[in-house]
Each structure stands twice: as C-alpha cells, then as structure tokens.
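The structure is given below, and queries will be raised subsequently.
Labels A, B, C, D, E and F are assigned to the chains in the order they are written; within every chain, residues are numbered from 1.
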Amino acid sequence: MKKLFCERPSLAKERNSIAEFRQYRERMNRKILNSGNLQIQRFFNLDSHAYRQGSLSGKVKELLGLVASLVLRCDDCITYHIVRCVDEGVTDTEFFEAFNIGLVVGGSITIPHLRRAVDRLEECRRLDRHCKRRPQSSAD
Amino acid sequence: MKKLFCERPSLAKERNSIAEFRQYRERMNRKILNSGNLQIQRFFNLDSHAYRQGSLSGKVKELLGLVASLVLRCDDCITYHIVRCVDEGVTDTEFFEAFNIGLVVGGSITIPHLRRAVDRLEECRRLDRHCKRRPQSSAD
Amino acid sequence: MKKLFCERPSLAKERNSIAEFRQYRERMNRKILNSGNLQIQRFFNLDSHAYRQGSLSGKVKELLGLVASLVLRCDDCITYHIVRCVDEGVTDTEFFEAFNIGLVVGGSITIPHLRRAVDRLEECRRLDRHCKRRPQSSAD
Amino acid sequence: MKKLFCERPSLAKERNSIAEFRQYRERMNRKILNSGNLQIQRFFNLDSHAYRQGSLSGKVKELLGLVASLVLRCDDCITYHIVRCVDEGVTDTEFFEAFNIGLVVGGSITIPHLRRAVDRLEECRRLDRHCKRRPQSSAD
Amino acid sequence: MKKLFCERPSLAKERNSIAEFRQYRERMNRKILNSGNLQIQRFFNLDSHAYRQGSLSGKVKELLGLVASLVLRCDDCITYHIVRCVDEGVTDTEFFEAFNIGLVVGGSITIPHLRRAVDRLEECRRLDRHCKRRPQSSAD
Amino acid sequence: MKKLFCERPSLAKERNSIAEFRQYRERMNRKILNSGNLQIQRFFNLDSHAYRQGSLSGKVKELLGLVASLVLRCDDCITYHIVRCVDEGVTDTEFFEAFNIGLVVGGSITIPHLRRAVDRLEECRRLDRHCKRRPQSSAD
C-alpha cells in the first residue's frame, strides 16, 4: 500500500459514539419487543439471561460473548460486549488475551473488527475517566 | 450496559435512505454490467430470475431471499428483499414471523441486522403512506 | 478432474440413512434436554415453535428453514427441513426452485450440500412410496 | 418428522473415537509441520500458545476456544477444546452454560454440533472413569 | 490433550477416496442437471466456466478456487480444486504457500480442513506415481 | 424495487476515501502493536509475510487475498487487497475475472461487496492518473 497515495489524506469520518450506538439499540429493541411477536420477545429474554452469573461468572460469560462476536465479525455485538466486559472489570491485558484468541481462531479477516474493538475499548476507558472526575448525581 | 454512561447522548448519525441505497446500487450495477465480463452479466441475470414467480409465488421467493440474507447477515441484501417483500404485499405479522425464523436459525448475532431491518421496514411503510397521499402522475 | 484417475473407482461408502439420522438426533436431544440447563430447554422450545403455522403457513416456514440451512451449509439441518417439507407436501419443482434461490444466494460453495440434499429428497420419496405399498398398522 | 418413517431404524454408524481423532490429528500435523513452510509452523506455534495461562487462566481460555469453535461450527475444533476443558476441570454445569452462550449467539444452526459436542463430552467422562479404575503405569 | 487417554487407540476409519468422491459428485450432478430446473443448469455452467483460462491462467484460477474453498471451509470443494491444481501442475511448495494464505486469512478454524487437504494432496501424488508406472490404454 | 419510490432521491452519503481508510488502519494498527501482547504482534507479522513473493508471485498472492476477502465479505480487507493488486499491476480484466470467481463461489450475497470493490478500484485508477500528472518529489 505504498505507491498509490500522493494526495494529502483528509481526516477520517467519525463513527457513531457508544452513546449513539446505545440509543439506537434501545429505540429499535423497544420497537421489536412491541411488534407483538411473542417468540422474538422470548428470544431476547434468553439472550439477556445467557450472560447472567451462574456456575461461570458474569465476567467469563461476557468474555465468551466477546470472542464469539469477534470470530463471527459483528461490530455491534463486539461493542456491546466490550462495554459489558468493562463493567465487569476486565483489564486491558485480559482484553488483549481474549482478542488474541479471537484473532488466532478467526484469522486476519477479523483484524478490521479488532481495530474497531480497540477503538471502542479506548472510548470506554475515556468515558470511565471522565465519569470518575465528575461524580454522578443519581445511580443509573 | 448501565454503569458506563454519564454524558448526554447526542443524536445518532442518519443512515443512507432507501432512495440513496437504490441510487448507489443501480449506478454500481451499471458499471459492473458494462465491465465487459460476460460471466458476471450472466450471474446477475440468474440472480434476478431466481425470484420470479414459478411453482412458488414471487412473495414466497422474496421471503426466502429475505431470511437467507438475514442469516448471512448482509444489510444491503436485507434492505433489497424488504423493499421487494413490501411490493409483494407481505404484512407486518408475516415479516416478523420470517424475522423470527432468521433469528432462531442464525442466533443473536443477527440482532443488529434485525434492528436495521425493522428500521427499513418502517421507512418503507412511511414512504408508502406518503405516496398514497400524493398520487403519482406516472406509473413507475 | 480428468487426468488423474487410472484405477477403477470402488463403491462409495454409504451415508447414514434418514432413520439413523433421526435416531441419533432424538437420543442426543433427550440428553441435552435432560442436562438441567433450563435456558437450552427454552431455546429448543423456541426452535420447534418457529415453524408452526401462523400468518405464514407451515409449508412456507419449512421452506424458509430449508433455504436458511442451505446457505448456512448445515447438512443435518437441510435433512431435517427436507423431511419436514415432504410432510408439508412440497413438490419436486418447488424444492428445486427453493434450492435455486439457496444456490444463487450462497454460491457454488453450497453445491456439495445441494448434492446431498437431492440425495435425501430421493430417499424421502423412496420411503414414501414404500410406506404407501405397505400400510402401517399403527399411527406414528 | 412424523409421517415419513415406517421401517425399523437400523443402528447408526459409529463416529471416529476421540483416540482416532487424536491419532489422525497428530499424524497430519506432523506432515504439515514437516512440509518446509516456515510460516505455517509459526502459525501452529501461535495457535498452541494462545491458550496458555496468562492474565486469563488456561481454563477460561479453553472455554473461549470452545465457544468460538461452536459458533463457527467446526466439529474437530469443538472436540479438541472439550478434551482440553475436561483436562482443565470444567464441570458439566459449566460446559452447558458455555454451550448455551454458543447456542444463543450462533442460533439453531449450531444444534447438530451441540449434539455431537455432548456426545464427545460423555465419551470424555467415560474415558476418565475408565482410566481411574485402571491406574496407568506411566505418566502420559 | 494429554491426561485423558489411557487406552490403545484403534485405527482411524478410512475416508472416501478421491475416486469415490468423484463418482458420487458425478452421479448427483447428473440428477441435479436432469431435474428440469433451467436456472440451476445455468449456474453449473457458470461455475465450470469461471476457472477457464482467460487473462488469468487456469492455474491461477484454480488456486483462487482452492483458497476460497479453504477459508469457507468446504472439504469437497477443497478436494475438487486440489485435484484440478495438480492437473495444472501446481508444485507442493506452491500448494503450501496458498494453504498458508488460507490459514492466515481464515484462522485456526481452517486447520482441520488443512489437515484433510494435505491428506488429499498426498493421495493425488500417490495416484499420479501409480498411473505413471502403469501407462493407460485409453485417454480419460 | 419499482413501486415504492415517489420522492426524489437525494445524493448518497460519501464513504471514507482510501486515504482515510489507510490513515485509520495505520493509527489503530500502531495501537494494537503497542498493546504489549507479543502474540498479536507475531500474528500481524505472519499476516504481512504471507503475501511476499515466494514460489508464487506477489501478484498471485494478492489475488488470493482479494478473492478470500470477497467470499468472506470483508470490505476493509477487499479495499486493502485491491490497492495492493493495483500496486502489483493487476489489469481491470484480471480484476473482473477474479471478482467473477469470488461471485460464483460466494454467491449473490457478495454482490454488495462487489459493488464497493468496483467503486474502490475506480478510486485507485483515478488516484493513479492524478499522481502521474503531478510527479511526486520523493519516492514513497
């Protein structure tokens, strides 16, 4: 990728933020759950239960969801599980060990998703620092 | 996904509209068909023939295309078949029964695509109501 | 594939019959449902409900399951839905129109599965003719 | 799947045992590593390192490999990681919680693989009981 | 995979030979082409034309088919393109360079298919040596 | 897709340019390589080595990477290999022969990616003409 570029690169367009992702996700989930299809409601229910603490901890289950999402190459699912893993206290070293397993199992075709995953992880860490500096008035 | 967010979410960036999708699709299809590769022309021909009424109706065939696109997780293909299913008179209840089959077969990894599919379906219904209020001068 | 073969080909090893497939499927399903994991039980329940008659007929839903299984390239799922489609009265012409959609959407990588699908379909038709000649004493 | 079967089902053909799987795996791995392609040797090296204890335990890493293999639907990879998880002391309850995540993420298309996974797990437990009754003369 | 095995491994069951694969493939292709579905006939036609010499040589095209089949993890397609690549004079070193690209792009999930690919390649080389020692009476 | 549209289509939103793609790719790759995970560094190393000239030429290897990326449907990987293929002197006719193999193997589900691939190819050709008119002061 060397010879082709002579012009000045402009700034890359910004992706949606995690907040925008969450907003869209919640708005559309509400519409899906209000569609009247009872089966789909039950599926969504199973989906959210799957990651609850059982014999395996919530942290391990979120890591399982993250690596599954990485090898299946779904950016939105990766974003969701990164946010949840951060909630569960996964460290950066642990994240990269999990990313490495996804990369080895799924191959270089996962690399564009890995790039966006690392971007999301940084966004989460930034939000976290920001929130700690400005204490919230109400529990969320 | 609870603890992380303290800031106000801004509005999500708009996706391309169906009209923009169609425009891009037609412009690039023309280029592909004009590339001089006869085999690719024939493939495109087979593709458009596959959904024509035969022993199975056009409606059933478009539903088959829709569910195949959902489990293979291709947003553009989903958009295309939703528009075509709307043309064929598929009702919302029928759409959600088809979505449910795609969801059960393909798993939660299809959910982000399902969200965008429901968004597209709403866009189609809005366009439809809009067109009915303002009768077109010419059949398209 | 012309130059390589000089020896006489021997007869190909037989695949498991549909009856053997069904036997293994039922035995393992029982073990999974008896594992004590309530979530998995509920998933299996959702799976079997997804194909029940609703606004879309059982026949259309089985065809949706068949084409989804073909593009995702799962032989066991294809076998299951072929048997169910035969139960629902799908004709050979309808089968091949559905196969064609799966082939066009999923590409030549589906062809080995298509070969085995056609093999299974023939096995179903043979069983059907055989059963009609020898009326069963008890409903199954 | 009710109406079609009138004949007596015969016994299903046996799959290869874990021992046979392991034998074939090791024989072919040797050939691949002796092919003289240094890059492939390095990939195999990375693959075996990915599951070694780090910040995440070996047990968690094997579970990550197992769920990744389940959603990508590779029977041999599932077999390999089940054997490794058994070595790491994963309990049946933990296995089924991990299976449930794979099932929800990957959908019903993973069920045939889940059936074979549960079969393999039982085979491992049988071998384990058998080995405990007959103590080995040498460490393996 | 160390602790589990105390019993003597038995010999692995033989896979179908290339000759058996070819026989089944040709028999089922005939049935598919005789089904009366004109679209599927045309698809099969496009499939066989895609690998004919054009601006890219037949050899390069078969290698493209081989790597595509490896990353999509279809054993039958891999077998077919290995046989064709051998016909086109691909050397072992070239095969392993192509395998390496498939392995890096597609990840460790392709390794079981790589093992069977190397097995098939050896079978082709054996058949080739065998045929050279016993000249054929008729061109095939 | 005929009946639905009565309003004037607006202009489609622009995608990121190749320069923007490259910029983001390099920035995130740096972060990944600086994460301290040695295994991931080694994987990236294997990835870049896989396409170097060996028994197969760099051009053939880039074509293998391109078709693998097309059938696995990864836009960023397709963009990367198109740029590299242009560097290696692949002609438009050769590109479309490779695209055709990807299309036949991977099916119509690859068509949206093919459209974006052709768009990227045109962008490369435009950049190339532009650079030739304005000679660069330094070799890159």
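Rule of thumb we're sticking to: a contact is a pair of C-beta atoms (placed from the backbone, for glycine too) under 8 Å apart; a residue touches a chain by one contact, two chains touch by 3 or more.
Because the structure is a prediction, the values reported are computed rather than measured.
A.B. asks: Touching both chain B and chain F: give me those chains, sorted by label.
C.D. replies: Joint contacts, listed by label: A, C, D, E.
A.B. asks: Copy of C-D's interface among B-F, E-F or B-D, judged by over half the contact pairs being the same?
C.D. replies: B-F
A.B. asks: For chain B versus chain D, which are copies of one sequence, does the interface use mostly the same residue numbers on each side, meaning over half shared, or is it different?
C.D. replies: Same, since over half the interface numbering is common to both chains.
A.B. asks: Between chain B and chain E, tell me the centre distance in angstrom, where each centre is the average of that chain's C-alpha atoms.
C.D. replies: 36
A.B. asks: How far is the middle of chain A from the middle of chain F, if each middle is the mean of its Cα atoms, in Å?
C.D. replies: 25
A.B. asks: What residues in chain D touch two or more of the other chains?
C.D. replies: Each of 39, 43, 46-47, 50, 68-69, 71-72, 77, 93, 97, 100, 103-106, 108-109 in chain D touches at least two other chains.
A.B. asks: Please categorise the chain-chain contact pattern as a line, ring, star, complete graph or other.
C.D. replies: Drawn as a graph, the chains make a fully connected set, so complete.
A.B. asks: Mind listing the chain E positions that touch chain D in their complex?
C.D. replies: Those residues of chain E that touch chain D are 1-13, 73, 92-93, 96-97, 99-100, 103-104, 108-109, 111-112, 114-116, 118-119, 122.
A.B. asks: Could you list, by residue number, the parts of chain E that touch chain F in their complex?
C.D. replies: Per the stated touch rule, the residues are 46-47, 50-51, 54-56, 60-61, 63-65, 67-69, 71-72, 77, 91, 93-94, 97-98, 100-102, 104-106.
A.B. asks: Considering the complex alone, what residue numbers of chain A touch chain C?
C.D. replies: Within the complex, chain A contacts chain C at residues 39, 42-43, 46, 49-50.
A.B. asks: Considering only the defined contacts, which chain E positions touch chain A in the complex?
C.D. replies: Per the touch definition, chain E meets chain A at residues 71, 103-110.
A.B. asks: Help me check something: in the complex, which residues belonging to chain B touch chain F?
C.D. replies: Listed in rising order, the residues of chain B that touch chain F are 16-25, 28-29, 31-32, 35-37, 39-40, 43-44, 47, 68-69, 72, 74-77, 80, 83-84, 86-87, 124, 127-128, 130-131, 134, 136, 140.
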